[in-house]
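In the two complexes below, subunit A is the common chain; its partner is subunit B in one and subunit C in the other.
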Partner chain A sequence: MSGLTLKRFSIQTQANIISISLSLLTTFAITVILILCIGKNPFPIFGTMFSEVFLSGYGIGQTLFKATPLIICGCGLAFCFHAAIFNIGAEGQLNAGAFTMGLVALKLEAFPWYISIVICVIVSFGVSAFFGLIPALIKIKKSVSEVITTIMMNFIIMALINYFLVDFFAAKSTMHTEKIPENMMLLKFSTMFSFFQGSSLNICFVIALLLAFISYIVIYKTKFGYEIRAVGFNPSASKYIGISPDRIVLLTFMIGAGITSLVGLNFIMGYKGFYEYGFSNNVGFTAIAVALLARNNPIGIIFSAILFGVLDSGGLAVNEMVPKEIVLVVQGVIILTILSINTIVDKKFNLKR
Partner chain B sequence: MNAVEFNNITKSFGQLTVNDKVTFAVEENTVHCLLGENGAGKSTLMKILFGSYHQDEGTIKIRGKEVKFKSPLDAIDEKIGMLYQHFMLIDDFTIWENVVLGNELSSFGKLDYKKIKARLNEIIEQYNLGLDINKKICDISISQEQKVELLKLLYRNSEILIFDEPTAVLSPVEVKEFFKIIEKFKADGKTIIFITHKLNEVKELADKVSILRKGQLVYETSKENIDVQRLGNEIIGNVEITECPAKSHPNEDNRKYFIELKDVTLIKNKVKVLDDISFDIKRYEIHGICGVEGNGQQELVDVILQFEKSFSGSVMMKDERVSIVPDDRYKRGMIKEFTIGENILLKKKNTGFISKYMVDSTSQYIMKKYDVRAPSAETPLGSLSGGNQQKAIIAREIEMQQNTMIFYHPTRGVDINAMAFIHSEIVSLRNGGKAILLISSDLDELLKLSDRLSVMHKGRLINTFTESELVTENKNNLVEEIGKLMIGIH
Partner chain C sequence: MELFKTILTVAFLTQVFRLMTPYYLGASAANFSERGGVINIAIEGFMILSAFSFAMFSIITHNTWLSVFLAIVINLVFALLYSLFTVKLKINQIVTGVGFNILIAGLTKFLMMIIFHSSSNTERFEGIQDNEFIAKIPVIGDILSDYIVLFAIILIFISNFVLFKTTFGLRLRSVGENPEAAESLGIKVHHYKIYGILISGFLASLAGIWLASEQKSFSDGMIAGRGYIALAAMIIGKWKPINIFFASLIFAFFEALQISIQISGTPIPSQIIQMLPYLITILVLVGLIGKTKPPAADGVPY
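After this line comes the complex of A and B, so read on.
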C-alpha cells in the first residue's frame, strides 16, 4: 500500500517540480528579452536583484515581510475557492477588518498586551466575516454571483473607510489613524537576530505559517474540509450526501473573509502601528493569483507568496535600473507560464486535473 | 460493400489497452449491433470512428476509402452521425434552431428560414418523427429530445448512424416507435451501428452482431444465428454472474409502514408535477414505481428527502434519514474527484478528523466486501467504470444502514455483471427487513424485483399492481398493459 502511495505521490511531485522549473526558466527568458528590448543589459540587473534579495539579511527579511500578508490572504481565499466561491472582495474585507483593528486597539491601553491583541483579532475577524456574510446571503437567497457582489462591496467598503477616516478618526492631516499603544506592537525579527537588521519582518510571519498549516489540516484532513471541497466540486451531489451546500457556502465565505483581516496584524501591530488608507496595496487581488498558483493548497501558498515577495522586493532593489512596471509584467508572465506549463506537463504525465 | 471497416485498431490510455487489434466490418445498409460490458471498449471504438479519439495503430476505411479524421467535423463530412446518450441541446432554443445551429443554410449571411423549415418538415414527415419544429426544447419530453438529435443527423445527411444506447431513456412503447424509425432508415439505405445492453433488442433488430470484451473482438454472428443465451455468455466471458436470492416472506404482522404519503400534491410553475399521490412502503417490500422519465419521479424523491417542502398533503416517515441511490450518478451520486473511501466517510455521521489511513482502509473494505474493482484505494471514484461507480454508491448507501432506501434507476448504464450484483443486493436488503422504493423505467428490472408496482404518469400514480397480479403466467399481456399505462392509455 505504502509503495503505491509513494509512487503516485512522487509522480505528482515530479510533475510539479518540472513544471515550476520550466515556467521559471520561461519567465526568465521572456524577462531577458523584455529588458533587452528596452535597451538595457539584463545581467547586471539580475545580479543586483539576486544579491539584494538573497544575499542580505535585510533583503530576505523584506521578502518574507512582503510575503506575510499574501500567505494570510491567500489562505483565506483558499477556503473560498475550495468551495467554488470566487471571492474577489478580499481587498475590501481585509481593509474593513484592519481599519477596525486599528481603532479598537486605541481603546485597549489598559489591558495587558496578550488580551488586547486577542480582542483586536476577534473583533476584526468578525467585521471582515460580516462583509463576507453579505455577499454569501445574496448568493444563497437570490443566486447572484459573488464575483459581482464582492467587487461592488470593495467600492462600498473603501468609500466608507475613507469617509470615517477623514471625518472622524484620522490623525491630523494624515490618512492614517492614531498610533496604537506601544505594548501592543509585535516582536520584530531584527531585535532577536541582528542578521535581519533594518527589515520589518515580525512575528506575524510565524503566525502566517501557522495559519497556513492549520488551514491545510482543516481543508484536507477534517470532515468540514471534505464538505467544503465536496460542495466546491459538486453542490447537488453534496445535497444528496447530506451536506447543506448553503450552510457550507455561508460558513466558508465568512471564515475566508474573516481570515483576511489578519493582514492588518502584520501592518498595524508588526510594522507601522496604525491603520493607513491604502496600506494593503492590492494584496487582496494579488492573493488571488497566489492562491490559484498554489492550486489553493495552503502549504503551496507559502511558496507562491514568497515568490511574489521576491519579485516585489527584487523590483524595489532594481528600481533605478529598470522601470518599475517591468516587475508587474514579470508577475503577470509568471502566472501565465506556470498555469499553462502546468497543464502541458500534467498531460505528459497523464495526470488528470 | 462495407460502410465501415475497422482494421487492427489499437488504442491505449497510459498502461490500459482499451482497444486491442479490433478488426471487423459493418456492411452497408444493415443494423450492426455492438455489444460488450462497460469498459469493454465500445465507446472508445466509436469515438475513434467519429474522430474524437485517434487510434494508436490500425486503419479505418469508410466505403472502401481509408480515412484519417482529425476531428468529428471530418467524420460529419463523411456523412457519419453520432447519437449520444447525453443530448446536447440548448433548452431555450426551438427545435429548428437547435437543428440548424452550426450548419445554417444561408444566402448572403442571412438565414433562409423558409428553406430550412421546409426541409425539416419534409424530414419529419418522411420518418414520421412527429415533432413541432417551433417548440422549445424545454417544453418537450426526453424521447422527443432524442428525435431532435435524430433530426440533426438527418438534416446533415448522415448515412452512417452510430446510436449509443438509445433505448435507455425510452418506455417500452417509445422503444417500439424508435425501432420503426430504424426500420425506415434501413429501407432508405442508411447504415446503423447500434450499441446496447439489452439482448432482446439485439434479437429484434440486428443484421449482424459484434461483441467486444476487454478491448478485443471475441464474437461475431449474423441474424440467422443469434442466440441470446450465447450472446450473454460471450459478453461477460467466463465469469459467474451473481445469482439473485429468492424472496423470503416473513410473518404479516412484521410489515409496518415505513413511509406513508397521503394526498401529496406539488405545484411547480403552475404545473401539478405531483398530483394527489398516496402510497406507502412497508418492511420486507420492494415497491416499484415505473414511468417514463420526467413524470414526477424526481419530485417524488425530493419530497421524501425533504428537499422540497412546499407541497400539500402529508408525508409520514418512521426515520428521519432515508438512503438514496440517485438517478444520475455523475450529477448527484458522488463527488467524482474523491476516492471511494472519501465518498463514504463524507456521508457518515461523524465529525472531526479524517486521516489518510481511515480513507484508505474504508476504500479497501468497500472494494473487498462489495467487489468494487479499482486500480488502487486512492483512485478517484470518477475514473472507475460506470458499473463500479454504481456499486460503490450502492455500497455507501447500504453502509449507512437506514431502514428505508430509495433506488432511483439503480442499474442505468451498468453492465450485466454489475446489474446482477445490484439486483441481488436489493433483494437481500429487502429480505433483511428494509423498506425499499425502486424507481425505474426498465420494466424487466421492475417486474423482476418489485413486490408491488405502481405506474406513474404526469404526476399521478394511475395504477398499482399487487403481488398476486404481478405473478402471472401471461407476462406479455402484463408488460403490454403496463407499457400502455406508462404513456397514459388506460
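After this line comes the complex of A and C, so read on.
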C-alpha cells in the first residue's frame, strides 16, 4: 500500500515538473512571437532584462523585494484554492488590512517595536479576515459564487479606503498616511550586506519564506489541511467522513484573506513607512497566477513568485524597448498555458484530479 | 426632495432603460452559457475585449458597422477558445474564466500602449448613430432609436422563445441539467455546450460595443465590473430571461440614480456614491430569499 502511494506520488511529481516546464516554454515561445509581431527583436530585450535583473545586487534585491508580496498573497490564495474557494478579492482584502496596519502603527509609538508590530499584524489580519468572512457567509447561506462577491468587495473596499484617506487620514496633499514611528521599520538587507546596496529588500522576505513553509506544513501535514483539501476535492463526500464543509469554507476563507494583509508589512514597515493608495499594484490578481503556476503548493509558490518578480522588475528594465504592459499579457498567458498543459499532461500520465 | 423630482422624469426613465442594456446583454450572455452547463465568468473579459476592438477598428477604419462586425468576430474567436478550455479540455470553468479576464485585461492594456501610446484611453470616435426614424416617435423613440438598446429589448422575447419553445433550447437546457440523459437521447452534448458559449460571446460583445459606443472611446477599466454585476443579475433573475430583465433594470436604476446624485451636487462624498452599484449588488444578493438554484449540471465538465 505504502509502496503504491509512493510510486503514485513520484508519477505526480514527474507530471508536475513536465507540465510546469512545458508551460513556461510555451509562454516563452508566445512571448517571443508577440514581440516579433510588434516588430521588435526579442533577443536584445531578453538580454537587457537578464543583465538588469541578475547581474547586480540591486537587481537581485529588487526582484526578491517584488517577489515578497507575491509569496505572501500566493500562500493566502493557496489556502482558499485548496478548499475550492475562488477568492479573487485578495486585492481588496490586502488593501483593507494594509490600510489598517498603516493607521494602527501611528498610535503605537509608546510600545517597544516588537509589541507594536505584533499588534499591527493581529489587527490587520483581523480586518482582512473580516472581508473574507462576508463573501464566505454569502457563499454558505445563499450559495452565491464568491467570484462575484469578492470582485464587488474589491470595488467597495477601494472606494472606502479612498474616502477615509482623502477625508480623514492622508498626509497633506498626498494619497498616503502619515509616516509611522522610525523604531517600527524592519531591517533592510542592504544595511547587513552591501551587496544589495540601494534595493528595498527587507527582512519581510524571510518572513514570507517562513510563511510559505508553515503554510506547506498546515496544508499537507495537518488534520486541518487534510480537511481543507477534502472539502476542495469533494464537499459532499467530505461530509461523510465527519467534516463540515461550511465550517471549513468559513475558516479557510478568513485565514486566506487574513494572510494577504501581511503584504502591508513589506511595503509599510519594510519600505515606505506609510500606507499609500494603489501601492499593491494588482498583487492580489498576479498572485492568482503565482498560486496556479505552483499548483497551489506553498513551496512552489516561492519559486513562481520569484519568477513573477523577475518579470516585474525585468519589465520595468526594458520599458524603453517594449511597453512594460507586456508583463500583464505574459501573466495571462502563463495562467492559460498552465491550465491547459496540466490537463493534457495529466491525461498522458493517467492522473485524475 | 430635488432627487425625487429627477427620478420621476422621462429623461431618468430613458436613462434607466439605456443603462439596462449592458447588464441585460451581459446577463443573457452568461445565461445561454450556463443553460448549457458552462459557467462563464469571462463575460467581463469578453466585454472588455469587444469594447476595445470596436474602438480600435472604429479609429483605424472609420467604418462603424465594419468595426461592429470585426469586434463580434474577435469575441467569437475568444469564445471558441473558451469552449476549447472548458468543454474539450474540461478545465475548471471558474479558473479558466478568471484566467481569460486577466489575459484580456492585460492584452488590451498592452495593445493600447502599442497602438495608441497611452495606458489610459484611446482617441475619440463616432460611435453607432441612432436610427433617425425611430427617434421621431415621442417618448419611447429616445430609448428605441439606439440599435443595441432596441435589440436588448427584443432579446427578452427572443431568448425566452429560443430557450423554452424551440428544440434547440430544449436540447441546450437538457445538456445543462443532465448531460448523461441528453447524450443517451442522441444529443451531441459538446456541440450544444459550444453553441451556448458562442451565443454568450456574441451577446457579451454587443454589451461591450454599446459601452464603447456610448463613451465614444475606450478607456482602461471602463467596464468596471459590469460583467460581474451582469452575472449577479442572472443569478437574481434565476436564469429566466424575463426575470433577468427586471434584475438588470434594478441595477440600471441604481446606476442612473448614482449619476443623478453625482450631478445634483449633494454633500455625500463621491467615493461613497461610486461604490453604490457594487454595494447594491451585494445587498441584493444577500437579500435573496433562499438558496439560488442554477441548472443542475452547471459548472460540471462533461
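Throughout what follows, the second predicted complex is superposed on the first by the 343 of 353 C-alpha atoms of A that agree within 3 Å, B and C clash if a C-alpha of one lies under 4 Å from a C-alpha of the other, contacts with A are read in each partner's own complex, and residues count from 1 in each chain.
As a convention for this text, a residue touches a chain if its C-beta (ideal position, glycine included) is under 8 Å from a C-beta of that chain, and two chains touch if they have at least 3 such contacts.
As the structure is a computational prediction, the values presented were derived from the model and not from experiment.
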item	value
A:138 touches, of subunit B and subunit C: first, second, both or neither?	second
Contacts of A:238 with subunit B and subunit C, given as first, second, both or neither	first
Touched partner set for A:299, first subunit B, second subunit C, both or neither	neither
Residue contacts with subunit A in the superposition, subunit B compared against subunit C	C
Partner chain in contact with A:115 - subunit B first, subunit C second, else both or neither	neither
Touched partner set for A:29, first subunit B, second subunit C, both or neither	neither
Touching partner for A:331 - first (subunit B), second (subunit C), both, neither	second
Partner chain(s) touched by A:166 [first = subunit B, second = subunit C, both, neither]	second
Footprint of subunit C on subunit A - complex, ascending	38, 86, 88, 134, 138, 141-145, 147-149, 151-153, 155-156, 159-160, 162-163, 166-167, 285, 288-289, 292, 323, 325-333, 335-336, 339-340, 343-344
Residues on subunit C engaged by subunit A in the complex (per definition of touch)	39, 41, 85, 89-92, 94-100, 102-107, 109-110, 112-114, 119, 224-225, 228-229, 231-232, 235, 269, 271-272, 274-275, 278-279, 281-282, 285-286, 288, 291-292
Footprint of subunit B on subunit A - complex, ascending	1, 4-5, 8, 221-224, 226-227, 229-230, 233-234, 236-243, 350, 352
Subunit A-touching residues of subunit B, taken from the complex the two chains share	13-14, 305, 307, 321, 324, 326, 331-338, 342-343, 345-347, 350-355, 360, 376-378, 380, 383
